[in-house]
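Below, each structure is written out as structure tokens.
Shared between the two complexes below is chain A, which has chain B as its partner in the first and chain C in the second.
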Partner chain A sequence: MITHVLSIVADGVLLGLIYAITGLGLSLVLGVMGIVNVAHSAFVMLGSFLAFELFRRFGVDPVLAFVLALPVFFVLGTVVYRVVITRVQSAAQTQGLVAMFGLMVLIENLGTIVWTTDTRVVTAAYTNTSLEVGGVVLPYVRLIAGGLALLLIGAFWAFLRFTLTGRAIRAMAQNPEAARIVGVDIQRLSAVMFGLGIACAGAAGVALAMVFPFSPNTQVVWLAWAFLVVILGGLGNVANTLFAGVAVGLIQAVCTAVMPFDYVYLVLYVLLAVILTVRREGLSSAVRRTI
Partner chain B sequence: MFSVFLIPTSTGSRAAAAAVWAAWVAVLIGLAAYGLFGTRLFLLSTLATVFMYAVLTQAWNLLGGYGGYLNFGLVTFFGIGAYTTGILFQYYELSPFLTAPVAGLVAAIAGLLIGFPTLRLRGAYFALVTMIITFAVQILALNLTITQGALGIYLPRLPLSPLAVERLFYFVFLGLLVLVTAVVWAVQHSNIGGALVAIREDEDAAEIVGVRTVEVKWAVNAVSCFIVGVTGGLYAQRIAYIEPTGTFSFDISLNVVLMAVIGGAGTWQGPLIGAPVVLLVADLLRVTVTSEVNRVIFSLIVILIALFVPGGVMGAVSRWRRARAAKPDDVSGSPAP
Partner chain C sequence: MTAPSLAMSGLFAGYVPGHPILRGVDLTAQSGRITVVLGPNGAGKSTLLKTAAGFLVPLRGSVMLGDTDIGHLPAHRHIALGIGLLPQGRSTFPDLSVYENIELGGWSMRSDRKRLAAAVEAVLTRYPHLRELRHRAAGSLSGGQQRAVEIARMLVPDPTVLLVDEPSVGLSPIVARQVYQELRALKAEGRTILLVDQDVRAAIAIADYVYVLGSGRNDVEGDRSAFEGDLGAMVRGWLGV
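Then we have the complex of A and B:
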């Protein structure tokens, strides 16, 4: 019994770390730039397929794909920023939302054309092996994916905390006008920030691909998870996002243990509604960003 | 995005305005005449679909166009409406024509449930939640026993010839469209319309001047979902078979956003222009490409319009009118004062 509970907890924490990085990009972009990136999960899906293609064509290990995804998606993110976001930034929010919605549909369907709607998996050498500690079974993939996620979160935290660019980003989140006055290049930094958010989404996609089967047309599920993490953890705060991710992972692990898998999604949506109802101030804290 | 319509457009003369109204009435009479005397099944059925989408887009327009709260999952409420009439027929043998208002009510309740937590917040949260909720409702429809899962529900075929059935739905949806357009027109020219536009343009300011923003959003969202639910309920009877994948198809949500954005959200004319344009293009494309390529093209159009032509056709029209009004001695040859 106790090992059963422990394995549920371990499972939940490891999954939660992955969910945390899935939500992190969304949280940072929303918290710092005030952009609701509804196309976030489409980039997560692209990350999964990056891992899939690298593995299928060149036998690249997902761990390496995780590292490779960061620069690739950073560049992709800055391109999207230059092409789409800069044009809608000064316009009303609805315009940006419509554009990002179009981008989401575009990526999803390009993905469907290239990879069809078949469900894919990435099977590394260690996929079906697991570590056993005192009766608790920990699959290696989950350990590795969770560990990578934790490393990435740590890197983001340190980046925002200790580097000059990180400080500038925090300044921008608190007060863009004041940041500009003291010499922060808002445009360039926004591009960097959006790139980082998308890089995070891509890396999260790789981590998710290690653990779950995936297909282009179910990507919106990850938007739901990412959004839940953002709502639980608040905007733009790396540490809170980490805890929120772990909480979501634990909730999912417990739910999976007691009910059929499809119903887990429903619990998630109910949770989403409840949190939105209860925590409205915490949520609309675009004004009170903490980073 | 839609604030281009804030500038008064009644710069033309009274005669010009009357001419535009006469044109709308003439189109309506022409459509009614075709419905009565037309015999081409394909055209009748395509037009009936155009009317149905125009109704959905008008409903989306209420909150999305005027209020700036974008519903990216309109099909959720459409599907809920379709399943309501489907289930009511399955278990109580009630005709969807009778139960369509019930379908509207159920969809409105669903709209309230989703709107209660999200509409108290600012725009983007509503958009996100409506987008991801479709998936949840679809799972529900697949797993519940009452909806018969992937098996779906069969509705009775009407005891009429195919042509008569299409003609019936042609007039059902045309009538609904006229009704809903009248509602949207009335809303646009009422306090509610003003309140919605105020919310879209600056919600804080709207609240300060005394607009009960949250209540307005809830009410308008419920009305919008009601209309969509009724349409879904009638649609179930029209196609006579509903199952989760097709009834909750994301294409419907996408089409509606596209139609509103192309025609010009936030005007009562926008959906009337957008729906036929999009469906015409879709019909042309359907012959040649797969549905994925179709969606790729449509999503590209959505992005391009959002980036370069905010306000769609109606936005372009009102910009053109304003430009003309600004230059008194232009090509139209009106005498300079």
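Then we have the complex of A and C:
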């Protein structure tokens, strides 16, 4: 019994770490820049297909794909910032939201054209092997994906806390006008921040591809997970996002163990509704929070 | 320190196209002196400072730092050229520590970390009470302490020209007096200071030269002595009473 419970907890924590990085980029971009990037999950999906294509065509291990995704998606994010965000950021927030929604639909449809709606999996050499510790079975793939996610979260936390650029990003979130006064080029740093958010999305996509089957349409489910993490953990706070991700992972693991799988999503969406009801101000107040 | 002068000539600037706030202002902040800009609300004083700091692009006219036209340079380039801005109201980063706030003042020096660390150290030596507070979140400090953090942050890149916008707003009289004393000390170091203020008496007390703006244009100007008479009459004139 204890072994079973420990397995559920371990599974939930490892899943939660992946959910945490799925929400982290969304949380940081929203918290720092006030941009509701609904296209976030589309970049997560692209990250999954990057891992899929690298593995299928060149036999690249997903761990390496995770590392490669960071610079690739960082550059992609800065390009999207320059091409899309800079054009809509001075407009009303709803206009930006619609632009990002359009980008999401565009990426999903391009994904469907390129990869069809077939479900894909990335099957690395260690996909079906497990580590057993005291009777608790830990699939290697989840251990590795969870470990990579934890490393990335730690790296983001350290970056924001201990580097001058990270502190400038936090400063920009707290008082953008004062950040300009000390000489921060807001446009440039915002591009960096958005690039980091998308890098995080791409890496999360690789981690998710290691654990779950996926298709271009799966991104909608991931968007819901990402928002659940953000709403539960608040905006722009790396540690809170970590705890929120782990909480979501644990809830899912427990629900999966005690009820039919179809009900798991129901529970998660009810949880989302309850949180939004309790935190009536929703995302708008969260935007005002600082990191 | 040899500070350049800051000269604005025929300056038009504003926030809405076709509706300039400044309408042909001519003003020179002489090297190493305190130049004060006074005027009623809406005269364009803060707009003048924002334009000088690079936050607003002049619609017409020029902003010259020494021999360099800086009117069309973005704000972050002004810092590198030696211009510091002390804005009106609170401008600290409340959740960052005092040290982190001050360190960010040297953002323009970030490519040379040794120089940046030395500059932060020099500022903390200048303001030892901030060294004691360096681990505190800036948002937890009193208004006067936050003002000190803002001044310290502005001084990290060792600016030669200081743009100061109503430095005493929200401060107790004692702290406000300390701020004006500090401005005197900064002038004594040879820095050029352009001070915009509503506290007419305090500003004129430290001024070398005074400009009065009215409705976005030059009204009167002169040495401090010309303004040391009946200040009450001048203010009553602004208020129309």
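The rule we apply is simple: the second predicted complex is superposed on the first by the 281 of 291 C-alpha atoms of A that agree within 3 Å, B and C clash if a C-alpha of one lies under 4 Å from a C-alpha of the other, contacts with A are read in each partner's own complex, and residues count from 1 in each chain.
Methods note: a residue touches a chain if its C-beta (ideal position, glycine included) is under 8 Å from a C-beta of that chain, and two chains touch if they have at least 3 such contacts.
This structure is a prediction, so every number in the text was calculated from the model and none was measured.
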Worksheet entry | Room on chain A for both chain B and chain C (clash or fit) | fit
Worksheet entry | Which superposed partner A:L164 touches (first chain B, second chain C, both, neither) | second
Discussion item. Going by the contact rule set out at the top, does A:L223 touch chain B (first), chain C (second), both, or neither?
Written reply: first
Item to complete: Could you read off the angle at the CA centre of chain A, spanning the centres of chain B and chain C, to the nearest 10°?
Response: 90
Item to complete: Could you say whether A:Q174 touches chain B, chain C, both of them, or neither, answering first, second, both or neither?
Response: second
Practice prompt. For A:R56, decide between first (touching chain B), second (touching chain C), both and neither.
Written response: neither
Practice prompt. Could you figure out whether chain B or chain C reaches more residues of chain A?
Written response: B
Discussion item. Output check: A:H4 vs chain B and chain C. Expected answer is one of first, second, both, neither. What do you get?
Written reply: neither
Discussion item. Just checking: does A:L272 make contact with chain B only, chain C only, both, or neither of them? Give me first, second, both or neither.
Written reply: first
Discussion item. Quick check: superposed on A, how many Å separate the nearest Cα atoms of chain B and chain C?
Written reply: 14
Response to the item:
Interface with chain A, chain B side, in the complex: residues 1-3, 64, 68, 70, 72, 113-114, 116-118, 120-125, 127-129, 131-133, 135-136, 139-140, 142-143, 200-201, 254, 257, 261, 290, 292-293, 295-296, 298-303, 305-307, 310
Worksheet item: Can you list the residues on chain C that touch chain A in the complex?
Response: 53, 55, 74-76, 78-80, 85, 87, 91-96, 100-101, 103-105, 107-108, 110, 116, 153, 157
Worksheet item: If you look only at chain A, which of its residues touch chain B in the complex?
Response: 36, 38, 84, 87-88, 91-99, 101-106, 109-110, 112-113, 220-221, 223-224, 227, 260, 262-263, 265-266, 268-269, 272-274, 276-277, 280, 283-284, 286
Fill in: Complex interface listing, chain A residues touching chain C
164-165, 167-168, 170-171, 174-175, 177-185, 290-291
